[in-house]
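Okay, got some structures for you below.
The following pair of complexes shares a single chain, chain A, combined with chain B in the former and chain C in the latter.
Moving on to the complex of A and B:
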């Protein structure tokens, strides 16, 4: 029967051409948009994890409550011992100390006086330890536009944007001026070793990156850090596991009456990522739902037109004794086949679009607003196993639904009137 | 008869109360001088404990001032030079002079409740505020005039202020400092009022920044001398490195 129906579809192209095109277009949109959004959301979440939130984050309660102000006086101390405990308590996790700080970057003239100045949004990472994975995690090599990464104490990476504005060159000396964690004035000279650009306004605005040992000395916070970021071994965020770790830690470490006590947050608890992740999780269903609905309406109308065109055919088949149910079932099987063909065509076309988007992406850095959000500057799609089958769901479902709605008319035909109708 | 007496007493009382301008003029006479050399101690109570910073300062009128920090070790040798509206900070460990201006002057000095602007402001009240007397109160055992001031110039740290001025000594014992919007930004409480070289002067001021937590910063003068011979070179950028 399938072979018979295939022949019908193949030979009567007016019956199948338009629905196949509609289904293929819908599948192309569903697959491409889903792959693109999955890619963008994954990049966004990954970027936040690498730069800001970790998979889990430990800080003091006081710091956590005012994190946007980087209150250094609320930093964690005795970090080595905290890391030791965390490693023992949660084996398999990697814990990295970080310091976020703010101040002024001051450039001097030949007399040692100010010739240029800018606010510094500083980050201190473990850049110089042999075993540190921070350089790779932050893709600093990739972000380096000129010069080299710091190889010794006293060297700094400066945002390319600031360097251009301040006419700063590799090898120039800059002075950081800010406050220590105890509020004293803090001055430190650094040599610019490299200029970086992540392509993200939040990171590039006035970025200033130094090694954590330099920051600890400069900010008078020996064995201190503003945050401790924890990463899963496979580098993938697992919300369930993150929550288990969080509950285990907070149960013993957090004291709501002591602002210096430690508190752990999961990635979802930070930077409004909960809603983003939940949207990303539900996105496939949302996309499928939207396209099934839209395509069903179109295909319903296509089916109605087809039904009108095949009005005589159905009449003859009914007159020959084929039951209404049998015609309706064959109509649905035919719809499945058309949906299948349309979905295959659509998925192949979508893959042809998605693959280059995955490999090269498209750069939107010029369009990005001056936002504090961590948004990737290059939008990339991602091909996952679901990319190959996702389009078949709306493709077949919409076609069957459309055909089923339009085919209901078959049941309204009255056998007694058939011959009269067929006389025409 | 009683009514007449009451009116008479009220009239005489009104007559005996000096105008706001007179009060401010007398306050300015006490609080400002041709020049001043002082050693001071600043106790900053932070979340992680208390710090004491000592310094020596020289100032001439409201245009020039130099401060050298003496202790603790981390701050020792750091100098601040005020020239008109600019502030230069020299740090010996980096051998750098950094200029601060504009909004940076509103930042806290060494984590204290004082801003750089607070430290720089030496102008006479008469020159920057219009005032009116709004009442009389008592603080401790001292009778005070309560005056409200509104800025008559633009470049002023606090657009409005309310001061409680000692009726006899004409020194402020308490002040509330407001933004243009009316928001209370700081409170100051003056104590240890002494007569130094013929003028009444509060040697201790407790600053409380109302926008941050904490117990405030106590600024005490350990020595103060007025109208001294101060060499002009002290107020040069070259002097910062000496």
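Moving on to the complex of A and C:
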């Protein structure tokens, strides 16, 4: 019977063509937008994890509560020992120290006189250790626009945007003015070894990157760090696992009455990512719901028109001994077949759109020149396993729903009037 | 001869406004297996209503209609559908073939409803098409058939499941004289070979001349019930 129904759908283009087109269009939109949203949010999460949040992050309670002010006096000390304990407690995780700091950058002319000054946001990473993965994690090679990465103490990377504004060149000397973690004044000279651009306005505005050993010396925080970032071995964020680790750590390490006690946060606990990710999930569900509803209404009307056109056919089938329930069920099977075909066509078309978006993306940096959010400047879609089946949910559901609504008329038909109805 | 349809004191009323219209009044009839009979009368005489009741498409308001041992009034919707599916064939004046399917598939459809296996289906369909002389048109679509051919396909579709009863509503209404005679000859032949009970609703003289029995209806009552052939041992009204 399925084969018989399929033949009918295949041959009767008015029964199948328009619904298939409608379903395919809906599926294309659903799949493309979902893949794009997934890609954008995955990139956003990945970027936050790499630069700012880690998959989990350890800091002091005081630092965590005032992180936006970079309170160096609340930094972690004895970091090597903390890392050792964390590695023992949570094997498989990688822990890296980071120092975020701020201050003033002084630029001198050829005579050593100040020719300009500007505020600088600095990050200190482990750039010089042999076994450090930070250069790769931060994609510094990829972000390097000119010069080279620091190879020795006293070298710094400066954001290309800042360098252009301040007319800095490779090899120029800059002086950083700030305060140590104990509040004393601190200043140190650095040689610009390279200019970088991450493509993110928040990172590129006044970025200044140095090795963590230089930062520790400059800020008088030996074996200290403002934060310890933890990464899963496979480099993929696992919220459930992150929460297990967080609970395990905080149970023993956090003392709410002691601002110097350590506290662990998961990626989602930071930078409003939890609400952002829930928003993304909700958006996805709302979008599927909207498409199911919109397509169902269109397909309901298509079904009603088709039902009118097939009115006599249903009458004959009732007379031949097919029950109303059987006709209705076959209509739903037809709807499933049409929905399936439309979903396959729509998914293939969507993949053709999504693939270039995944490979090349589109640059939105021009639209957000001053954003402080940690978002990627190039939006990319991402093809995940769900990309291949997600469209089938609204595709088949809408078609079946539309057909079910329009098919209710079958039950309203009186068999006693069949002969009369079929006379003309 | 085995009795296949028994209509006793059947009354059918339809609500009209505040009152009722009586379409059938005190009908008493019996049809035996293998009869080739017709319900004849002008429009509004009740012949289609009676055909509806025999075909389990409708139920009597009063009285009893027993078709192949089943009381039509007591059947559920599903049981009525089953009765039609297995025991009753219908032929309509407009043929009503499914336009997207071939001749073969249109005939096969009746068997698909009975979940009959592919090999058995094929044999039965080809046999039915052979009965109506259309095996050479099995792959044609209905829009490529003449009126006479379309009605023969409709006959094949009705007969392929070997129903005990075949109900034909004005089967010649859209046919020219030659095709009307041809289709009646085909049905007469099937009646004789398969012993299927044929009941026609008609006012076409061309059809009537083939009937063995004619039940004349007027204003919802049986006006005359006459045997036309010696087949039943009677020739004339009873």
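In this section, the second predicted complex is superposed on the first by the 410 of 424 C-alpha atoms of A that agree within 3 Å, B and C clash if a C-alpha of one lies under 4 Å from a C-alpha of the other, contacts with A are read in each partner's own complex, and residues count from 1 in each chain.
Following the convention adopted for this analysis, contacts are C-beta pairs under 8 Å (C-beta built on N, C-alpha and C of every residue); 3 or more make two chains touch, one makes a residue touch a chain.
Just so you know, these numbers come straight off a predicted model, no measurement behind them.
Under the clash rule set out above, the superposition-derived model of chain A with chain B and chain C shows the two partners fitting side by side. By the touch criterion stated above, A:322 is placed in contact with chain C alone, chain B being left untouched. Residue contacts after overlaying the shared chain place A:108 against chain B, while chain C stays out of touching range. When both complexes are overlaid on chain A, the residue A:175 reaches chain B alone and has no touch with chain C. Using C-alpha centres, the superposed arrangement gives chain A a vertex angle toward chain B and chain C of 150 degrees, stated as a multiple of 10. In the superposition on chain A, A:187 contacts chain B only, with no contact to chain C.
Legend: residue contacts after superposition of the two complexes on their common chain; A:142 is shown touching neither chain B nor chain C. When the shared chain is aligned, chain C comes close enough to touch A:7, but chain B does not. After overlaying the two complexes on the shared chain, residue contacts for A:74 are found with chain B alone; chain C is out of touch.
Between chain B and chain C, the shortest distance over C-alpha atoms in the superposed arrangement works out to 83 Å.
Every residue of chain A that touches chain C in the complex is listed here, in rising order: 1, 4, 7-8, 11-12, 15, 312-313, 315-316, 318-326, 415-416, 418-420, 422-424.
The touching residues of chain C, counted against chain A in their complex, run 48, 51-52, 55, 57-58, 77-78, 80-86, 88, 90, 92-94, 96, 98, 100-101, 105, 108-110, 112-113, 157, 169-170.
By the touch rule above, chain B contacts chain A in their complex via residues 44, 46-49, 51, 72, 74-75, 78, 88-89, 91, 93-99, 104, 108, 110-112, 237. Residues 62, 73-74, 104, 106, 108, 112-114, 117, 175, 177, 179-185, 187-189, 220, 259 of chain A touch chain B in their complex.
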